[in-house]
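Note that subunit A is present in both complexes that follow, paired respectively with subunit B and with subunit C.
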Partner chain A sequence: MFAATLSRWTMSYFAAALIFLVLGETMMVLGFGYPVLALEAPETLALVHVVVLGWLSLLMTGALLQFVPVLVGQPLSLPSVALPALLFLIGGIATLTLGFVGLSGAIDLPVTLLPLGAAFSIVGFSVLGFSFSVTLWHARPLPLPARFVAVGLATLFGTMLLGGVYAGVLSGLIEAAGAIDLTVDGLSLHASLGLCGWLSFTTMGVSYRLLTMFMLSPDKERTSSRLVFVLGVLCLGLLAAAVPVILVGTVGRSPLFLLAVGSGAAVVAIYVGDILRIYRERRRKAIELNSRASIGAFVSLVAAAMLFVALLSAGRLDEAIGAVIYLATFGWLTGMGLAQLYKIVPFMTWLECYGPALGRMPTPRVQDLVSETSALRWFRLFYLTVAVGTLALLIGSALLFRFASLGQLIAVNALILEFVRTRRLINVPAELRLPDGLVRPGLFLPSIPHGGSHEPRSL
Partner chain B sequence: MSAPETLDLEARIRDALRIIIDPEMGKNVVDLGLIYDIDVQEGGIARVTMTTTIKGCPATAFLKEAVQNCVWYVPGVEYAEVRLTYEPPWTPDMMADGAMEFAHGSIF
Partner chain C sequence: MSQDPYELDVRPHLRGGSDPFQAIMNAVDSLAPGQALKLIATFRPVPLFSVMAGRGFTHQDRPLDNGDWEVLFSPEGEVEEIRLSAGETDLDTWPDPSRQLDLTELDPPEPMVRILATAEKMAEGEVLFALLAREPLFLYPELAKRGHKWAGNFDTAGETYRILIRIGGRRSHVGA
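== the complex of A and B ==
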């Protein structure tokens, strides 16, 4: 019978992702890009790709390496692609970022960095996407959370293709009229497919499973969750339909856009209702910090959706869309990412270090690897800075935004220190920490050879 | 092996398994209801049927091996076999009374 094993490179993906997050926060503190500069400025595009590709997408792919097998009860196909894909992605995202910096004129860099970085990133994501897709294909019929992941991967593919076209046009490599039209008119499409499809829709699917698992809530597919899936696919399909509309150039995009907004708002409303039910019907009385800190992410998602609809109704979307994107990217996606890391890191560390000793000697619990009281204050500071940062963008105060970013940088670094303490087993009671024969895991690199002794001997 | 001896060995296996803690729940596998059946036959042959809280969980293999090792070391056991099943799937209702504090509808 299948039992998922530890993903060897997931912790390395997380480490790389967190380094990109710190880089992105530092750029915001220094006033590099929006809101000091325009939303479309090359500096802003550099910042956005550091955060969305470097942080969020590396985090998501690293997590999927571990969780796709758990979601579908099948081993990952082609697991050996994880390391080469990570190297391609780190190199690609760094090069792409430098390409945008070069485009801004801040440093004199060759413009070819942009398509080169895009190509490396596309190779990295495609290889991983192929591995995930083959795994999902072999596991049909898919449980609902895995279907969210499948759609998320499809939108990742679409987002990448559009991004590749933009990189080609901006660097002058592609001169086709259709590609230029897509670049001029379709930038928001690239962003919304990436944020709403790849990152948000996949997060929603995984969250159904993770929250249910960790809080022992009833684990069954509900009509409301299936409705979230169907409406989400409709919303993303409508967004994607804008591509041929732009290329043909005859029909207006407004009806498609409004339908997509309507279905997207319904998705958020029904999804949050489902999440409330998962919390209410949980069988574990105590809510651990990972689930508690996720509440801030759900609140941010609702707030971002309401703000979007309110701005659209008031006809002020263009002037304040940056605040909505910021709230969704940092409050919802980053908040959820940090909250889930707070459980995934100790859980994987426990398996790596204490799994082989289970039943042979006393072992700590997963919860013994963390110190919730110290981490709680950093999660509070994090969400406070998200709220202040959003407010700063709404009132147009770049200075306040940079102060909020400084607070956020401190909170993120403090949480990273908590993850390091967990990896180093610092919170584990001394008598249980490292009994004879156990080895402390590496900080972020796999310490055991492939197929090594940390795998159970018999199954 | 007489019937009382069989029952005694089953009880000792069950007690021995209480040292295995589900790392996420922090409770032992017996009180969590993860041990579905302990069948002891003539000659000290023990067959344990168990499950895990979540199908496909990465801790599954470690839990199964821990149960296997633990049963082997119970005096009187000459052969141990552990079978993993998800039929029926585990639910929190299978926990022994007091193994877990239940929530009552609130978010906090």
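== the complex of A and C ==
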């Protein structure tokens, strides 16, 4: 028998992820790293890892803990790894960030922090990846969204291995020539596998399922979605093929790269077509804020892809790649993450708090846990600052970028406050808030039930 | 999804004295997935029923006014795996549903709320039948906690989830 239970630690993953996001935004406001410093500066690497590992990857793994079982209709294998993995990841990402700060010379820190942080992060992601992979393995044949997740996990693994090599080389632990070649030549590979593979491809797969679920659209597997999958695998495979090419030292990387760009652009185009169809064919007439706010993310994805292709054909990719990465990381991935949190947090809170009382006494609706009008303002400010920030990077104005980041920091904090209000049931009408016998959920830690209404099934 | 049946009239074959079996099998082979075959013959083709059953078709036959017969062979859809609640679940012993709910047009999680509210009003041993647009994965734990049993699967088109819920004894309460 399978039943989807609430993932116990997902909310803790989300909380940790949001703290890293605030940290990253603060670094950008203070001018730490790019664009004040170079794209390759250690300060920029510290910032990038705070955002991409601390925020986006913790968010993704926390969400997968809840959604992998829902995607495949099987309980999560080894659910007890969730908490230790979270502790490894928080420690590992913080240490890695300090390692980069130490590398910049800003503070005198031991150089071993870098490989140590990398090792902790790799352990954390690996045990989670193992738990997800075993779950998927038991659920074969996989539905299409789950196949996206499987490929995303494979690229996470590849990205981690490359990252581990870089950490070893940068700290002087590894001196093999091949490893040094990979570090010098393959940095963009590490970044593109992480951003395009692990984060974007997994997001695409999960979005097929979540959007159809939230908007009551038909969710039959379509040929176009399968094509997105096949072309995406081709694109990521071509990127990964660059590793042996670099190691062997042969030329011929540009055809590989161009083919990857071509298939990647096709993936984005067909995927966005699918998404448009999901919105158009929805049976739920009113679009809730989470689906509305996701539109900004899809627009950002298309804009980032078009900007990339335009810069590439104009031969100006090197000078403006930072703007593309920024737009993809903040507009597409962060925008999507915040928008979906706006649905996932109230739903999980509602089920955790009111599940035991459903049907037995009047309970609030999920929508009673949120206040869309106030959150809508902050989503608007968020996307506005993404647009201004991208523009600032394109015209090379660090001051404008920091100003945009300040606006973004405010928007992000305001949205976090909305999540807190949801967890605290503040938006719920007082007479419905806590009927007799119900317990208010913890802010981000699982409550320990006493003979309880909810079972700690997945610890 | 539903396609018009392919119509095959074998009366000319039969009147001409030839065996229409091969023509029928060719027609069956050319059917689209899910498509039915409408056969018109001068007699009730009983031997064909078992042949077609072996190929996964059920039949409905009716006599025509002029003494000829029309038989509709419909493909049996692939039956989706049935999800059952834990423990002993012998559906044959369940009574017919006393309540039916069509929840296919409701936004999630409203179907779950309606099912649980309806279940509260029903007596032990009664059965509730509900149609949903999605498999209610988050409903199952609540049903289990309340001691209800269930069985459900998707229809052959994969579009509607059908669930039978048998009300259990009231053994679990809020805060208990």
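Going forward, the second predicted complex is superposed on the first by the 449 of 459 C-alpha atoms of A that agree within 3 Å, B and C clash if a C-alpha of one lies under 4 Å from a C-alpha of the other, contacts with A are read in each partner's own complex, and residues count from 1 in each chain.
Simple rule for what comes next: contacts are C-beta pairs under 8 Å (C-beta built on N, C-alpha and C of every residue); 3 or more make two chains touch, one makes a residue touch a chain.
No experiment lies behind these values; they were computed from the predicted model shown.
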Problem set entry | Superposition on subunit A - do subunit B and subunit C clash or fit | clash
Exercise. If you stack the two complexes on chain A, which partner ends up touching A:213: first (subunit B), second (subunit C), both, or neither?
Worked result: both
Exercise. Looking at the overlay, does A:438 come into contact with subunit B only (first), subunit C only (second), both, or neither?
Worked result: second
Exercise. Looking at subunit A, does subunit B or subunit C touch a larger number of its residues?
Worked result: B
For this session: Kindly classify A:385 by the partners it touches after superposition: subunit B alone (first), subunit C alone (second), both, or neither?
Result: neither
For this session: Look at A:200 in the shared chain and tell me whether it touches subunit B only, subunit C only, both, or neither; answer first, second, both or neither.
Result: neither
For this session: For A:363, select first, second, both or neither according to whether it touches subunit B, subunit C, the two together, or no partner.
Result: both
For this session: Look at A:279 in the shared chain and tell me whether it touches subunit B only, subunit C only, both, or neither; answer first, second, both or neither.
Result: first
For this session: For A:295, decide between first (touching subunit B), second (touching subunit C), both and neither.
Result: first
Exercise. What part of subunit A is shared between its subunit B contacts and its subunit C contacts?
Worked result: 1-5, 70, 73, 213-214, 216, 283-284, 347, 350-351, 355-356, 358-360, 363, 365-366, 455, 457
Problem set entry | Touching residues (chain side subunit A, partner subunit C) in the complex | 1-5, 70, 73, 213-214, 216, 218, 220, 283-284, 347, 350-351, 355-361, 363, 365-366, 436-438, 451, 453, 455, 457
Problem set entry | Interface residues, subunit C side, partner subunit A - complex | 83-86, 105, 107-110, 112-113, 115-120, 133-135, 137-138, 140-142, 144-145, 158-159, 173-176
Exercise. Can you name the residues of subunit B that touch subunit A in the complex?
Worked result: 19-21, 23-24, 26, 53-70, 84, 92, 100-108
For this session: Please name which positions on subunit A make contact with subunit B in the complex.
Result: 1-6, 66, 69-73, 213-214, 216, 276, 279-280, 282-287, 295, 347-348, 350-351, 354-356, 358-360, 362-363, 365-367, 455-459
